[in-house]
Amino acid sequence: MCGIFGIFNHSEAANITYLGLHALQHRGQESAGIICSDSSGFYSHKEMGLVSDIFNEEVLKGLKGNRAIGHVRYSTAGASYVQNAQPFAVEYAKGRLAIAHNGNLTNAKVIRDELQNFGSIFQSTMDTEVIVHLIALSHENSTIERVISTLHRVEGSYSLLILTDKEIIAARDPYGFRPLVIGKIGDSFVISSETCAFDLVQAEYIREIAPGEVLHITQDRIKSYMPFKKVKPKHCVFEYIYFARPDSYMFGRTVYTVRKALGRELAKETHVDADIVIPIPDSGAGAAIGYAQETGLPFELGLIRNHYVGRTFIEPRDSIRHFGVKLKLNAVHDTVKDKRIIVVDDSIVRSTTGSKIVKMLQQQGAKEVHFRVSSPPTAFPCFYGIDTPSRSQLIASSHSTDEINTFMGSDTLGYLSIDGIKKAIGDKEDEFDYDFCDACFSGSYPSKFPLGMGLEQMELFQKK
Amino acid sequence: MCGIFGIFNHSEAANITYLGLHALQHRGQESAGIICSDSSGFYSHKEMGLVSDIFNEEVLKGLKGNRAIGHVRYSTAGASYVQNAQPFAVEYAKGRLAIAHNGNLTNAKVIRDELQNFGSIFQSTMDTEVIVHLIALSHENSTIERVISTLHRVEGSYSLLILTDKEIIAARDPYGFRPLVIGKIGDSFVISSETCAFDLVQAEYIREIAPGEVLHITQDRIKSYMPFKKVKPKHCVFEYIYFARPDSYMFGRTVYTVRKALGRELAKETHVDADIVIPIPDSGAGAAIGYAQETGLPFELGLIRNHYVGRTFIEPRDSIRHFGVKLKLNAVHDTVKDKRIIVVDDSIVRSTTGSKIVKMLQQQGAKEVHFRVSSPPTAFPCFYGIDTPSRSQLIASSHSTDEINTFMGSDTLGYLSIDGIKKAIGDKEDEFDYDFCDACFSGSYPSKFPLGMGLEQMELFQKK
Amino acid sequence: MCGIFGIFNHSEAANITYLGLHALQHRGQESAGIICSDSSGFYSHKEMGLVSDIFNEEVLKGLKGNRAIGHVRYSTAGASYVQNAQPFAVEYAKGRLAIAHNGNLTNAKVIRDELQNFGSIFQSTMDTEVIVHLIALSHENSTIERVISTLHRVEGSYSLLILTDKEIIAARDPYGFRPLVIGKIGDSFVISSETCAFDLVQAEYIREIAPGEVLHITQDRIKSYMPFKKVKPKHCVFEYIYFARPDSYMFGRTVYTVRKALGRELAKETHVDADIVIPIPDSGAGAAIGYAQETGLPFELGLIRNHYVGRTFIEPRDSIRHFGVKLKLNAVHDTVKDKRIIVVDDSIVRSTTGSKIVKMLQQQGAKEVHFRVSSPPTAFPCFYGIDTPSRSQLIASSHSTDEINTFMGSDTLGYLSIDGIKKAIGDKEDEFDYDFCDACFSGSYPSKFPLGMGLEQMELFQKK
Amino acid sequence: MCGIFGIFNHSEAANITYLGLHALQHRGQESAGIICSDSSGFYSHKEMGLVSDIFNEEVLKGLKGNRAIGHVRYSTAGASYVQNAQPFAVEYAKGRLAIAHNGNLTNAKVIRDELQNFGSIFQSTMDTEVIVHLIALSHENSTIERVISTLHRVEGSYSLLILTDKEIIAARDPYGFRPLVIGKIGDSFVISSETCAFDLVQAEYIREIAPGEVLHITQDRIKSYMPFKKVKPKHCVFEYIYFARPDSYMFGRTVYTVRKALGRELAKETHVDADIVIPIPDSGAGAAIGYAQETGLPFELGLIRNHYVGRTFIEPRDSIRHFGVKLKLNAVHDTVKDKRIIVVDDSIVRSTTGSKIVKMLQQQGAKEVHFRVSSPPTAFPCFYGIDTPSRSQLIASSHSTDEINTFMGSDTLGYLSIDGIKKAIGDKEDEFDYDFCDACFSGSYPSKFPLGMGLEQMELFQKK
């Protein structure tokens, strides 16, 4: 997963982008980068690590120009190289071009093979690189035309920022899988994955960039194109459930409010008699509050999170029970002792962490542990940018809820239904369509796969 | 403020101490150190920074021996040198000795002057260094006797660990200002500032080290001394209010439970009509939950914390409103909009942060902002180890609650009373004395100051 | 300038390459990299900095496989990015390919423009990148054929190593501008810019790779191709004069021996009466020894070099005379006092350093300072890989020897003539042609420039 | 071994000291430090590593004040901690004091034991710490009196700089073992271990600080004390032979000139018929030049040094012959082939390196290798600051020259005699006493050992 941020026409473009990336840090902690542009060229800095470690005053001073795009990247196993850090800049016949991409192209491999057959060389393992090749190969006259022609070729999810010597182009795929918003600071346009970045840099929120919209920002004007056939939007519901920051306003709602609504629906569907509701911090907090409000049970902080967790920890030889979880979480003994507990998390992927938490609560004397999940069983891989593991590692793809409950050792296990999600998200005054992608729960993928490929082939295909 | 951890007779003494310090990281983020000992000497590693950055497998491998003590230190303005990192090790006539100290000696300056007049040299600005000098100058025959004789000379607060070539000595001042607990891992004794470290390393909690107790741990036996005149204990109430981790069991109670009780009393004393209760994360969470439970108002996460905040951030030239606070906190717009809000924090020191948060909530549309503090006005400096600023910077030492409310811009401002603290802490089945130091609120300091000094002199005196 | 090293079929390919690069460190201190290959892929590590800082045991352990190529790169102003570090690896239709290049392509810009016009994108500013594009675009069937076809397209200088999943290809341009030698360690072939790397890794020297030769090393066999029209070789004479390590055997001679012969010729051509001969360390040492031997004058170390010079030094406000030179060199007072001194260096580029050294010697009491240079005036830029500045900065391109002598403040200034070089190099038992490029002195460039471009255009052209 | 530098009354005290330490870097590469002083206190920075890595503009900016002392420290096995880095600063009854020390106190252990028995604590393993304790314990009224009284207590070698809030004191032991010189920059006094630092910072050399002299520099005046009983000076002859920089003027002579004279004497004493003379670079260069001049044989660079050698290198599994030496040195094949070679070094300590060099020359085809050493066999440990190993590791303490020759594999081995040293050093127009310590060769130690201890006890005693 990734976050992107851009700004046009601001005397402190790099500084603002750096703060924007800081606000988007939750979308990617592997690497970060900024590319700025002025009349004499590009200025770039990208590294592995966190925004606050990578950029300092000296580095920012070197990033000149009043236009910038930035990117934070999530750590996905095995492809963690600085070559894969973005923004990705190249020189081609028409000049310099840099790109920052959030999303995942489902036909990247097909296009890559085709390009390579015509003699193209690739220097990264990123799907994003094919976009740049296609732009360079396009015979259209202007950058905006080349970009639009390129986007007609690619499938999957993309929220994009493209920087050249004189413009920024922002684009979002027709389904609008990933978020992208536009705002203003004085006369400067800013574009961001989430509105929480606008709050930090004091930008005024204007609107979402629409699914399928291509925005062309130049010194003179901002112009909107809708070049694609219109389809029913398919926003990623997992952004609501887990990924986005609770204070962001996304797809027409505030994320925290949606999470509480999911928790309320979860309570309606799965409640059993209990004494307290506790979240798995911090991801389960919103849903747990909703659950507690719906049921009237006390909301308690029964698990405390240690925020100082670094990269790696050395475990003693006499291995510590649930070591990995214990470094991050600890139970509050007298809060959980002798209690019947509803413990709420946003999702279960492999179930190993949840299982350790159940045991931790039981060891601290919990009488009953009822595990509740504010989303349906995650049974299908995501091909649109969420870094889920392959199906073989998704416990829900091969096990029933009962089996998972047995494995986890909880007294009961309850998931929210897809229908519950719909109710939760629809629960809003001004009517709102359920325009969401829930393929990770339903297996019903909105976009077609290339060449009539099946799910197994796609999984094989996306491995990096 | 600081945290200490020690272990005796364990084949992985350094590894366990490192994990213990990780669990105590909230007690000090400036520097960390571990000193181990085996029959051939001491092995030491200390640096500025966080535990997880300072220690790695290679460093830990070099820390040999089956005894260790460790220390994390809080960043106090101006005295942030690696020379002040602990444990502090020296060689003296009777051999090697290392010390780790949590607390603050009120007569350190007096003793230091005296020692210097007799020719002693000091290499750090730490009060702890006088303890080591006194031990070295003692004519007693054994380490334990020298330590006890030394502790008769010093006043103030100390929870101490002393390591020599063959023993560990743990000691706590007669008032028991700072916490100190002992536990067991198999045959190995472990000592820690807080029980949360025991949970991580799977140690079994035995008991508190009593105020005024000196514990002598050798290969053969563990022996307890109570060498001081007994006084009524004066545990630091601020450990409950703010400093300790919520999951620790301290002074006979779980910290989280006390915080909720403080929130309940706060509601009883100061409640006004409102729509929601929100905490200032993470410090106000426990009290806010108690407040919400007492009043029946919904508990909401109206402020979201960014956990990626690093050392320094570059602010744009066109300064951002409330920049420092915004890097850490953001309001959830549709949760606070048009709401009458009770916002709860644990304490107000300078009031600048609180004031910015009030404005942030108002800008997001809050109808009313009622600021509630789960402790009384902090009007007096602490001489026992909490890093409060001088009185001139404590807003409550020179301003009334009304004046502070006006400054903060809140609709109302309410503090918990000292009496409320007593009720909150006393609210327990098995009766418990109010054996707490609340000098930072009441100005009534339990231990006498040296030489009949007054408060102003003491303040001057403690500056480093 | 750069150095390259490769090894095929050795169980410790990365370790050997790392040592080889260490021995070639004088050829480039900006960045270093190694790429290894086994049946499952490439393993790469490259960074800015010195070989000994970049590689450690852990990094080397990660570089698996029994084939490797490595590269050290010289710091050229303004193009010092990690993107320009080599080896340069890409994926194309026929698989993975990595390249390490020493030299400079004179028609890189022409080909780059052409490739970009056909849609290619470039990620570095290196001329080397065009080679990879051409290979990828070639329709030939095998790697070796694609490489040979590509090399027919490029002009200028190259000593190349190319690594794929199953082979190493070594190639040298038809003029043989840059050195390249092949040797053996047991059954493993090693290839290196200079023989000094063979001495360190205990490889047995076999022979030079011939000008225009392409060597194809596979598991089964090593095969030599001579695909280009034969031309008279044009080895870089500056490798002898300055660049190569004195202990290397290159172009049929030992570098140190050639340097002494240059010094002898220099004495024959330019000698004046004097007391001592001193070198500018370390570059002038060989020629100074030859000069002293020819004249019978004492060879003395009149200038001492400080070998601890790092990146940058802070100069005091009251600027120190000749600060930059003084950080590196100091005169030995009683050796130079009252002496008539012959001071010998290998070349004069901008003359600023030489000028400061003359003044330093005079301030220490030298009676006469006669500056002698073991090469002719450097009046023309090099387009074959030596990092000379543009002509406007080459003092000899616009000033006579007399003018330079006046500027430097020396009593006399003498250069070796081109004819002297010929005599020095020809001074060998088994007759040896003068097959050298001396364009930097003579302006007579052996290879044609693209499109009939003139010298000025070429200069403009090569700027990065 | 160490180097010290100080400056009084200069607006850029830290910058000048930093450059001075850079020029003295050869005297110690383990750690470096600077302490400055102005009216409000001390400013200190010290770290492990090289001067150019430790200090940058930001660090130097923080080192305020117009007085400074600095120190570079040599890496001695096993005692390489930052606690042992100097200058060493403490606070005592009379204020702050910092010390930088070059030398070694022979009675440090005796005094340390005594001080510890009176209750002193030690935080480093440095002998220097006892000086500070003694100063602090002194009942004299002024710093200068306390320092002089302290220096009456210590024995051994010291060139010292002491900094307080208002003065600098420079002192040299009565024998003058280690060098110390004073100079001027405008109105500012500078003090340095060697004159080469004066050359860099443009200071004017005034004179040596005399053996036994104590110089007191204050704002008003500079005053010289000669408080000790006069003894015949015993300058360290090893400074001439190996340690000092060739361009320094020391003990009345230029080091390079002395080294050449040693080489001449060596030739007179030990010459055999040969073809060329080569130095082991860089330490043997001066003597080899003298040897060549005396004999008329050609001086050649038969061994080339790689100056990029870093901390550690990974050796391949199939161990490379003479790996450690090869990383640093390589023979020039056609210079040494079929030659009878005189190879000159300054000293032989363990003989392992020399032995490898002999073999390297033989493998490159040398016909004969005659090893010549410009000093006598090093058979005794140094207690005055040179970091020689213990006697058991000094090959000359247990083996005859014949035996060593056999071990090294050289054809002949020749050392300079003590008498030869005397002749070399005495070879000067204005007569000069042989006031040198040659205990490492002769075993005749100028200063008495404490308590009538013997050599074995002293060796045991000095181990750290």
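Which chain is which? They are A, B, C and D, in the order written, and residues in each are numbered from 1.
Basically, a residue touches a chain if its C-beta (ideal position, glycine included) is under 8 Å from a C-beta of that chain, and two chains touch if they have at least 3 such contacts.
All values derive from a computational prediction rather than experimental measurement.
*Asks:* Among all the other chains, which ones are in touch with both subunit C and subunit D?
*Replies:* none
*Asks:* Farthest chain from subunit A, going by the mean of C-alpha atoms per chain?
*Replies:* So the chain farthest away from subunit A turns out to be D.
*Asks:* Roughly how many whole angstrom separate the Cα centroids of subunit A and subunit B?
*Replies:* Subunit A and subunit B have C-alpha centres separated by 37 Å.
*Asks:* For subunit B versus subunit D, what separation do you get between their C-alpha means, in angstrom?
*Replies:* About 49 Å separates the centre of subunit B from that of subunit D.
*Asks:* In whole angstrom, what separates the CA-based centres of subunit B and subunit C?
*Replies:* 61
*Asks:* Show the residues in subunit C shared as contacts by 2 or more other chains, in ascending order.
*Replies:* Touching at least two other chains: none.
*Asks:* State which pairs of chains touch, listing all of them.
*Replies:* Listed in label order, the chain pairs in contact are A-B, A-C, B-D, C-D.
*Asks:* In the complex formed with subunit A, which residues of subunit C make contact?
*Replies:* Result: residues 82, 89-93, 113, 116-117, 119-123, 132-133, 136-138 of subunit C touch subunit A.
*Asks:* List the residues on subunit C that touch subunit D in their complex, please.
*Replies:* For this pair, the touching residues of subunit C are 11-12, 15-16, 18-19, 22-23, 25-26, 29, 50-53, 55-57, 60, 196, 199-202, 245-247, 249, 254, 256-257, 282, 285-286, 289, 292-293, 298-301, 304, 306-318, 320-321, 326-327, 330-335.
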